[in-house]
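Going in written order, the chains are labelled A, B, C and D, and every chain counts its residues from 1.
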């Protein structure tokens, strides 16, 4: 933590605060995004032109929307690995059912939304009622849905849907001054993001985070955990559906559209500082994570990095970014813990591996050592819904 | 009164234990085999013929290796998504170094294992020291290896000498040597878990890190060792594949989908995805279930697209069976309508005044 | 006791060590270059029975009466080209079953996995009761030992599409090949473009020989002609393709598009539309989506063909083999691109076919035409 | 009667975050002695033990063990030198066997391998030595009862062959006959010359077992001397040291008993059975009982978390069946759970988010209004925080409890179930909670309060229900004395009180 003191002039202090936010785990993704965007603009100045930039946003829109959906699942403490398959299925449904008949656009769109919601419902109910880990449920769904889609279509696209339908992902409002065209995708993304921000501030949205943080507390507080959690899966499947609508316009129908989106989305969400295991995260940062990831691909492209190297660079950056926020989180929390007391007790030796931290002794009971636990829970949650599952079932309902 | 200590306790705990994971997996496996055998018979084939058994066992070997390592990592409440790339890389290093010359076999195997161990060490250090969630850490290292493979290899490469190919092609009766090797490694891993301290501590670290730490365990170590061993077993899978293919292949790991399938097999084998409970033999059972299901579907000539649907359903359904029966940890005191426990003997209430014995 | 599989033979020569590092192979390049201009032998109008520069082998040793059981080890049906072929193959099978040539065909699908396919072949050898093996290898080198084991059973073995590094199969059926594709497409683009123009090559994935050879040939020719070519792997994902092209267009002009398979060609074209720039000169494939878009946009294009009708040939070869007729030991099928003049014809012929259908699928005379292909009924 | 001094602690000091919880406490432990350490909740007993065991670092003072001065940095280190501790909380891995837990972290090795046989044999020997035949050494701990788990904790401590064993409320979770078993264990250890430091809130145990008694109060040493110099009254006087009435506020003027709000008629589920209860508006009913007696389960049953399967439950005279907490909340019930961190709070969320949790998930339409009222409610509870967006994990225990209370007050409940509402919070906060309870009662809220602290039950309740082994064993009037309550709680007193004394 750098030596920013509070007795600076106010402008400096404000700048410092912005700087601190950017280097904090919560803001790190924005810093990363800014750096990457600058890098792109340096490598290819035309990118900075509004017209080009809006195209970039258009392209990121589906990924960002998927990441927004995944955000709700992850912040609620679960995983959704089936999103990619949902995208594929929706793309194929659009192609097959709409065909060249524009009049079918609306009914099929409604059908797609219903189908998306249904998949989410199935995922959610199996996770909540049968208590199967979401990793497994959605992995099974991923296999089954993709297989089913391919079976249905005989392994190939029947054809692209009518142009009117594809306009959503492909077209835009033309003749806008500076940017020339405002793609519908960008509008949809803005709407989805706005809705997501609004929703996550709503009581229901806040409940999702609380549930992800501690499902037992949520249940004891009268939350319908099964429904809240299920709804996160429905949100993610619906967002995959929206992404599918955009992609079928942007790219057209193909069984490989959407493949791998689940991992991209999870990566984006984690880059956005959202903690796997739930309870912590900001939806805007998750969307920013998607932008950062796409910007990263673009940088690698403009920098002429051979396409085969890109995965490697991507892997390294993901690890570093997450390690950065994981370690700053720790040091920040440590700082706070000491801050909290005017007269900090001399800590036991910092070698945590051999030493017991005081909280270790009190963790199973509500003994008085509350403050110390801050550090204990700063350990990254192992994997989704670990320790929590126990709490969840303890009540024995 | 000490005589009042319930004698029913041991019986109860005994019967509870008997229902536990490995056994359930075993029952599921037997059920799958029975159903499979009937289905296979319905198309006029013999499920238990030597060729079919060999097919199933061969199908188990490679995934088995990977899943053994994955079990260790999951026991520690981490994950390894980099295994497919380690598998591919190992097959390539092996085939390239052997270059068709049997004299190179020991050296090649050694290099493969060392490289894999280093990858595992990296994974383990990233997870424990950089505090990156295992999911992301291994996704990242997997991508890095993938980048290396795509850049440096164009298609299959190297040549595995005939002597080494024998490992993949020899059998004892219907049992392929590769399966025996896999089972030997499973035995080794089970032994490791049961009989070494690090193995024992894996359960502790995955089960409750705080308790582990309070008991004086260096919690990073078991986790790192698990990652190393996981990469090493993935490398063994790569060696086996090199032996079967006769060449190294940069895509053989991804072709097998070993990352997600191994995780699914581990969970199918009754190991908790959140760590702390599980067994190698359960995992082998999970792998066997997959192999049998795949075999039956192949014999039945199920449409390949539908195969994935069946796999997906089997994974979820099987895990649902396990989880639904291990939820309530709290023991009921009263069963509906049962006799209430007799109130304790009204012992003489002496005035709260007494001395030491 | 120990049962070393007698079929695993020590390799006679271990030359193949460094073979895969570079895909370009001058000899093969020259051979395929020449084959492009050869007029194929065989029945007129039935390209799936035609062959180029064939060296016929005697199969009288296999001549036998009665319906035979065929065992088919398929690599996968995981892309539209393979599914189309698989549908055609099954319709061909129906014909031969009716004719009493084949009793049944047992199929195992390896789902793109070498390891699975090896196990599939071994299963057939031991349990299949097969009279003939048909193998569409998932990869060349890795499948060689397994194919050799199949040969060692003494039953006829037919390999198609991708080859293996052994000549033990009775016949190896394939269209001319990747280098021919590369030459056809590159020559077309070089003709249409000027020196210094830029071609973006959209490739599906690395490491598949059929695809790698296409690019190896094209890259060499572009190089010689002074055409600037950059290549990308797209995973056949149209969204990826669109991103790549938009980035390329953001960097500068692109005059040509080269594809190693037709999947996603439409997305590539649309990227130009979206950017509001002129259509490129373009090579795709005979996939209907590309032909339709080509026609619709009127761009300058060529649809190279990796003859899908080759999926019929193995079954017809079975018929010939059991009849004791000669077959080519290497059965090179014709492979000629669809040119601008022919587009309309193929569009008309395949009018109701889905986008993922291949124009030169060659199943017009089979039962079920056109319904089965239109509905894509995958067995 | 006692041997040489094995452990001498002198002048131990400890403060947490500026609050001194131990002021120069010392005591001497002799071989073969059972040394009772008593004091009120929060007096510093556990802290004292943890310092000896090396869990906490001391601020000042010295400890000599067997003549040499020691300062441990880890309980394992202490154990190796012969000082073992049975902590107040379980430190067991439920999925592992008894033997594996007993030897966790120091598994016996033979030729580099864990010697399973030796581990099992030694565990069995330890169990046999203690005369325990109900626990199998190779049974997973998960399958054991709480009492058996407690025994495993003790065995774990014994397995190091300690000269000194500290036990922090080892009987807290034990039923009567199991306590008897513990007595046997303690006496055997004593006979072997082991020195035992024994903490318990059950004074009978202290007098039954201990040779010496040390009393702590507010972190300071009150007295330390032979047990036979004390009797119960004197001990309690030393522990409490002040009149209890000053501690518990009187009912507010104008509090009236209203109609029955909550009535239970022979309700039961898997954990409790045949409980009858009537709770009126404006009334505070205390629920006493030993740990594991089913008090928590009773309120969880009322609250729909572990729904009753038998009997009848009425709210405001209307028969209801509550199948989830949500239904309970909608009916005007509130449950302040005993385990704040696991069940009451979302630790990573802000004070506001926690306080609004119930409103948001059940009465979402009232969110806006509630949010406006929130600062007022929190300040009336005297919440000390650095702002309402502070994450609750950084709050002190008492303040966390206030957030939990605020969360439930926001729902304007009609029946409030309080499960150990003052557990682990300091005196000031306790009084705030008591005052709040009185205020609620005056407003006509019906209150059911579970507490393990008898003074609290006695000081606050209008009526006292005592639970024993899943049943309500007695209903006692206000101001019943501790002995009566304990008698009912330990099952030595039947309903009606006929067997008392």
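Here is the rule we go by: a contact is a pair of C-beta atoms (placed from the backbone, for glycine too) under 8 Å apart; a residue touches a chain by one contact, two chains touch by 3 or more.
As the structure is a computational prediction, the values presented were derived from the model and not from experiment.
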Problem set entry | A-C or A-D, whichever has more C-beta pairs in contact | A-D
Seminar exercise, completed: Between the Cα centroids of chain B and chain C the separation in whole angstrom comes to 38
For this session: Could you put a whole-Å number on the gap between the CA centroids of chain C and chain D?
Result: 74
For this session: Could you check chain C for residues that touch two or more other chains and list them?
Result: 77-78, 206, 233, 378
Problem set entry | Sequence positions of chain A contacting 2 or more other chains | 151, 155, 307-308, 354, 356, 360-361, 363, 394, 396
Exercise. Listing for chain D: what residues touch at least two other chains?
Worked result: 74-75, 91, 270-271
Exercise. Of all possible chain pairs, which ones touch?
Worked result: A-B, A-C, A-D, B-C, B-D
For this session: Would you mind writing out the residues of chain B in touch with chain D in their complex?
Result: 1-2, 4-7, 9-10, 12-14, 16-17, 20, 194-197, 199-201, 203-204, 207-208, 211-212, 214-217, 276-277, 329-336, 340-341, 343-344, 346-347, 349, 351-357
Problem set entry | Residues of chain C that touch chain A when the two form their complex | 77-80, 82-84, 87, 206, 231-233, 235-239, 241-244, 246-247, 250-251, 263-264, 266-267, 270, 274-275, 289, 354-357, 375-378
Seminar exercise, completed: The residues of chain D that touch chain A in their complex are 14-18, 42, 46, 50, 54-57, 59, 73-75, 87-91, 270-271, 300, 303, 305-307, 324-326, 328-330, 335, 337-349, 353-354, 356-362, 364, 367, 393-397, 400, 407, 423-425
Problem set entry | Parts of chain C lying in touch with chain B, wherever the complex brings them together | 1-5, 7-11, 14, 16-17, 20-23, 76-78, 106-109, 111-116, 118-120, 122-123, 125-127, 139-142, 144-145, 206-209, 212, 233, 378-379
Problem set entry | Parts of chain B lying in touch with chain C, wherever the complex brings them together | 45, 49-52, 54-55, 58-59, 62, 99-101, 150, 153-159, 161-162, 165-166, 169-173, 241, 244-247, 249-252, 255-256, 298, 301, 303-305, 307
